[in-house]
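Structure provided below as structure tokens; questions to follow.
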Amino acid sequence: MDFLIDGLLSALLLIWSLDPGLIEIVWVSLKVSSTSTLIASLVGVPAGFLIAFGEFSGKRFVITLLNTLLALPTVAVGLLVYTFICRRGIFGGFDLLYTQKAIIIGQVILIIPIVATFTISAVSRLDDRYRKTALTVGANAIQTAWVIVREVRFGIAAAIIAAFGRVIAEVGISMMLGGNAKGFTRTMTTAMALEYDKGLFELSVALGIALLAVSFAVNVFFHYFQGRVRE
Amino acid sequence: MDFLIDGLLSALLLIWSLDPGLIEIVWVSLKVSSTSTLIASLVGVPAGFLIAFGEFSGKRFVITLLNTLLALPTVAVGLLVYTFICRRGIFGGFDLLYTQKAIIIGQVILIIPIVATFTISAVSRLDDRYRKTALTVGANAIQTAWVIVREVRFGIAAAIIAAFGRVIAEVGISMMLGGNAKGFTRTMTTAMALEYDKGLFELSVALGIALLAVSFAVNVFFHYFQGRVRE
Amino acid sequence: MVYELRNITKTFEQRTVLNLERLSVKKGKILGLLGPNGAGKTTLLEIMAFLSSPTSGGMWFNQQKVDFTGGKLKDLRRRVVLVQQDSILFSTSVSNNVDFPLRIRKAPKAKREQIVGELLDMVGMRDFGHAPAHKLSSGETQRVAIARALACFPEVILLDEPTANVDVENQIAIERIIREINRTKGISVVFTTHNMIQASRLADETVFLYEGKVARSIYENIFSGRIQTDESGRQLCVAQNGLRLHVQHDKSGPVRISIDPAIVEISRNGNEFSEDNTFKGRLIQLTDEQGRVRALVDVGVPLSVLIPKEVFRSLGLGIGDDVWLNCPAKSIEIF
Amino acid sequence: MVYELRNITKTFEQRTVLNLERLSVKKGKILGLLGPNGAGKTTLLEIMAFLSSPTSGGMWFNQQKVDFTGGKLKDLRRRVVLVQQDSILFSTSVSNNVDFPLRIRKAPKAKREQIVGELLDMVGMRDFGHAPAHKLSSGETQRVAIARALACFPEVILLDEPTANVDVENQIAIERIIREINRTKGISVVFTTHNMIQASRLADETVFLYEGKVARSIYENIFSGRIQTDESGRQLCVAQNGLRLHVQHDKSGPVRISIDPAIVEISRNGNEFSEDNTFKGRLIQLTDEQGRVRALVDVGVPLSVLIPKEVFRSLGLGIGDDVWLNCPAKSIEIF
Amino acid sequence: TQAGEKLLKMSTTTSTENSGLLNVLLPEFDVDTGIQVKVFAKGTGAAIRDGIDGNVDVILVHAKESEEKFVANGYGAYRLDVMHNDFVIIGPTIDPAGIDGMRDAAMAMRKIARSRSVFVSRGDDSGTHTKEQELWKATGMGLRTETVEVIKKRKKQRFFSQHPEEFGAQYLSIGQGMGKTLAYAEQKQAYTLADRGTYLNYKFGRKEGLDLKILCQGDSKLYNPYGIIPISQKKHPHVKFQWADRFAKWLTSQKAQSLIGRYQIEGQQAFFPDAIPNAK
């Protein structure tokens, strides 16, 4: 009990004093997570569309596969990416390991299945008449997709929010591929894990609270933005 | 590159030889993850319904809050639960820490927001005429909810699958609250983390592959089951 | 009275779409609701089905005041069933849809099967029992929805344009079913329609709804137009369809007018009439209507005229004949 | 010919719902499609709109064979527009819906605004320009959907029961619009309806669809029944509505029959007729139909009879009169 | 767990578990006493925290100073020396700081700092990190102190970590376990301080051995002593002190000590018994 309250107080202290260390890791977290969410959305939403509307054999298999990939463990993603970008890997020359870029690569792989699955689920439940109407009044494939996105925008927003939540709270990939180097790749979650390992639970809780505060702010912003788009 | 292939071979060997150690951790993982998914579904789906159909002030706030909780870091959940169940905590007497039950408690907290959010998103997109039709032909609240569940079953299934994927791939909570004790609370992910820590990447990859195989099997089973329900 | 409504209003985002001073439905009778698109018919039926609550006003169901906030709505809903305009069926088989009301009322299984069969027969959908309901054509869907509603064995059945998408044979069948359940089981019926003739054929009483209000006007010969002043300074209503009518009214700008077919005068030649509001046309349809004859005259647009049978006989009018119509000022209603 | 269809079939899960040997639509003409529920009308229109592909068979659009697998459908779709039976509007404002086809055709902004205004005026929905389209009533929705289709300025417009939910005034207006765009812009029109009179009023040609096939039969006087053998060993068709007709046919069990109104004989008294298939009834409606008169006779059910004008004159029939009908064997079609 | 089964809970550091030593010791203990030991491996701080919170019955860690404080504060009943292993300074084969073969660890660390080579620090308050900071202190160089403020027991408290000022950006504090630190140092071709057991596992236990080598070893400053502490029943009445006590005594017995002395990782002795130093 004690350290929750201590944690809360520490969080307030950290935030209040605008601790430069805190600001830095918040910034790294936000930058990395937003970038990977953005990239994953740009890939995952269209992929979801193609799968949902495509008529190809093995469609059910692809969907089952995507569902399976929802259970992709961060350690597995970390190792996979590691193989390719470590010094001995194929892309070792780019010196990506232990950079923010490495985290982004891993996180994108982690959440593409989330974005795609929920896009499929949102899109395929939509009344087919929307698609047919768009087509018959002369929309091309992209315009039709856009019409559908508009109709299911809340579902897609939910998918993107979930993906963002997943990566900003994610620790395995950030740790393995980012390396938790202070001032470079230390994120809120890797910092939390570190403080936990040190036994400094108060600080860990404080960081957790800060993380939720940041996430709340992002969501409020997103909701406001959605509200505006709706009009 | 090498250890990916070695990992794959090791995985096949492990699975082929029905390694008793592997079977045990697979069993622990499955048991814990299914239990927490089940509990979270029993709480999250009805909660999603109540929120989606409820007319109360602060509804938008509750939804934003749930969206925020999608970004709940496992370390934070771990610490929160720890506070209550550690020896000095309120529930210390139950001796829950470092048991499978502790993992389940933490995982349930982690995924309730996922199940609830996607239930809301699935349900609130459904044509309101389904609800009205059920009501007018005389269904009570529970029967109406059941009608709606049937109509959006794919959306809810997607939510549950995502939640299951989240917990079976989750490592932080299992590690912190389960303690990764061999034979008791060692799960596929904590074992992966351990082998990785030891530098035994091959074994870690093998476990990751085994995990995906298990998750694939669960999904295939689920799809088959869905297919049958559909008829 | 099954229903008594007093000062019921319904407002959607500042727009009041329903505003009924008074409306009642007699027990065991059939009430027809007529009215243009957007008049509030569907909105009204949903309130009567206890599916949405009025913004203000009171409703009595069998003399009992309905508490729209309370938990008792469920019991009321069991006594009334609404067939929606675009009905939806649950995505399961057709028979399961019809079975649903029986199942939740815990009817015994053997009886359920029998009833489902009978009802599907009634609407001519027995062959579709095992078909997936959500893939039916519109008319098929509508008919199954009616069967499902009948499976509720309600006291009141509310039907929103029940025959809109239904083929001719089944239109007749559904009208017959409505009449039958009303006569034999005493079920009160409220239905909406755009088909005036259907309403007068089926309903014991007809109410015309316009802009959310019960209008005195008759749901016939309705035109949108605008009131202008002609060269001679008189008020002239130019309808969108080209009809030009002299009117006396203080409104100006866009209006809707209706011409009461019972007041319009008809004759074989135009000499009898003043020049004002007199049109030449061709008699294109005659319909027998309990003591009167409805004549449809094409004067550029079809205009409906109601003529007492004796008068009609004396005029000796035949189909296809050229006739003259005169619409006296009092036949024209502006709203 | 805008459309030529040959051996087009459409099969849903083993059930063939469309099976057209031959069908063509003449350029610049209006084709009416009649047929009972589930006849395949909607299925056919979706194929003609290039929205779904036939299971087999070939379709030619302006003499060009349509390749349903290819990527060229987009260009074809730009030339044809379908207004669906239960149209949906995009969940944005009404004007945005009508504007959509113009926007994707990259029309200049000022012109778009003007056209949207005109089209909304045409369907009487200008006041609703800013209203959220997905909250309109059914009839309002249908009218906006028609305006949106007109904004495509297509070569062909396909309308699936365009007036089903529309009020009387707008039914007339929409029929006028259809006629107008056909006459002034030469747009070919295909529409479906259950209203035989609407079809004959509007269409240059009418096709009757039954169970996916073009039927020779006429979409009138259709009854479901079953063929039995009476005491004297003759075949008897007992319709669900009670009508009993002697027939000659090798089918037995449940059937549908139609009675050709042009072959049914009518007279003031029944002596002229043999006893077989002769019914007494009351003349309830007369309609003028280009050279012929359609008489609706209530013989328990309404039966429609088509009489050449001269014959009708000579009979001297008046509305409300008692008459006798005889349905000769050749007037009865069993299918 | 079955009734009557004797279960002892122990928290220890990840490196202990990863070395594999416990897999040799614990089954023997079970055979001798019928007590099973359930092991929770984590960071040193978290392991000690487990003791403070009374989550376990006994802890086995290597951070002598904290351990002694732990006992002094009454959480631990007593502390017994069990064994030590040692730390080694490792780095890239090209050895830019030129410390290969040096014995004096403090001097070696000084050279690394002076040459502005990259140094990877665990930075996680682990035993290894504590040892690293001790070595920096011994270099006599100007140190830079980093502070965090935390509220503990409603009071502001400060926590420090130190490293030579001169390093600048070449000093990478990554806050991870030993294994990950080794991987990181390999990637960056940097120096780091490692415990011998983990190093041996990474160097010889894998197909592609670690691309770093030992450059400095053997200084007594690099010793890494492990202590066993049963949790005091005075603070936590529920702990199974009796069994924990037996385990502590057993670990320091002749049998266990010789098991420790004989244990090898990749053909090299990894731990040196301290209770009975010459046990074989």
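In this document, chain identifiers A, B, C, D and E correspond to the written order of the chains, with residue numbering beginning at 1 in each.
The rule is short, and it goes like this: a residue touches a chain if its C-beta (ideal position, glycine included) is under 8 Å from a C-beta of that chain, and two chains touch if they have at least 3 such contacts.
Every value quoted in this text rests on a predicted model; they were computed, and no experiment measured them.
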{"item": "Chain E and chain C - chains in contact with each", "value": "B"}
{"item": "Fewest touching-chain hops separating chain D from chain E", "value": "2"}
{"item": "Same-residue or different-residue interface between chain A and chain B, half as cut-off", "value": "same"}
{"item": "Leading chain pair when contacts are tallied as C-beta pairs", "value": "A-B"}
{"item": "Length of the line joining the C-alpha centres of chain B and chain C, rounded to whole Å", "value": "53"}
{"item": "Chain centre separation (chain B, chain D; CA means) in Å", "value": "54"}
{"item": "Approximate Å spacing (C-alpha centroids) for the pair chain B, chain E", "value": "35"}
{"item": "Length of the line joining the C-alpha centres of chain A and chain B, rounded to whole Å", "value": "18"}
{"item": "Residues of chain A whose C-beta touches two or more other chains", "value": "3, 88, 127, 176, 193, 196, 201"}
{"item": "Chain D: positions in contact with at least two other chains", "value": "86"}
{"item": "Per-residue multi-chain contacts in chain E, two or more chains", "value": "42, 177, 180, 208"}
{"item": "Chain-chain contacts as defined at top", "value": "A-B, A-D, A-E, B-C, B-E, C-D"}
{"item": "Residue ranges of chain C touching chain B (in the complex, touch as defined)", "value": "46, 49, 51, 74, 77-78, 80-82, 84, 86-88, 90-92, 100-101, 104-105, 148-149, 151-152"}
{"item": "Interfacial residue positions of chain E with respect to chain A in the complex", "value": "42-49, 123-126, 148-154, 156, 159, 172-177, 180, 184, 186-188, 208, 211"}
{"item": "Contacting residues of chain E [partner chain B, same complex]", "value": "9, 14, 17-18, 38-42, 53-55, 177-180, 182-183, 198, 201-202, 205-208, 236, 238"}
{"item": "Interface residues, chain A side, partner chain D - complex", "value": "127, 129-130, 132-141, 143, 147, 150-151"}
{"item": "Chain D partner contacts - residues on chain C that touch it in the complex", "value": "12, 35-38, 41-42, 85-86, 124, 135-140, 143, 161, 164-173, 176, 194, 196, 219-220, 222-224, 240-241, 282-288, 293, 301-302, 309, 312-313, 318-320"}
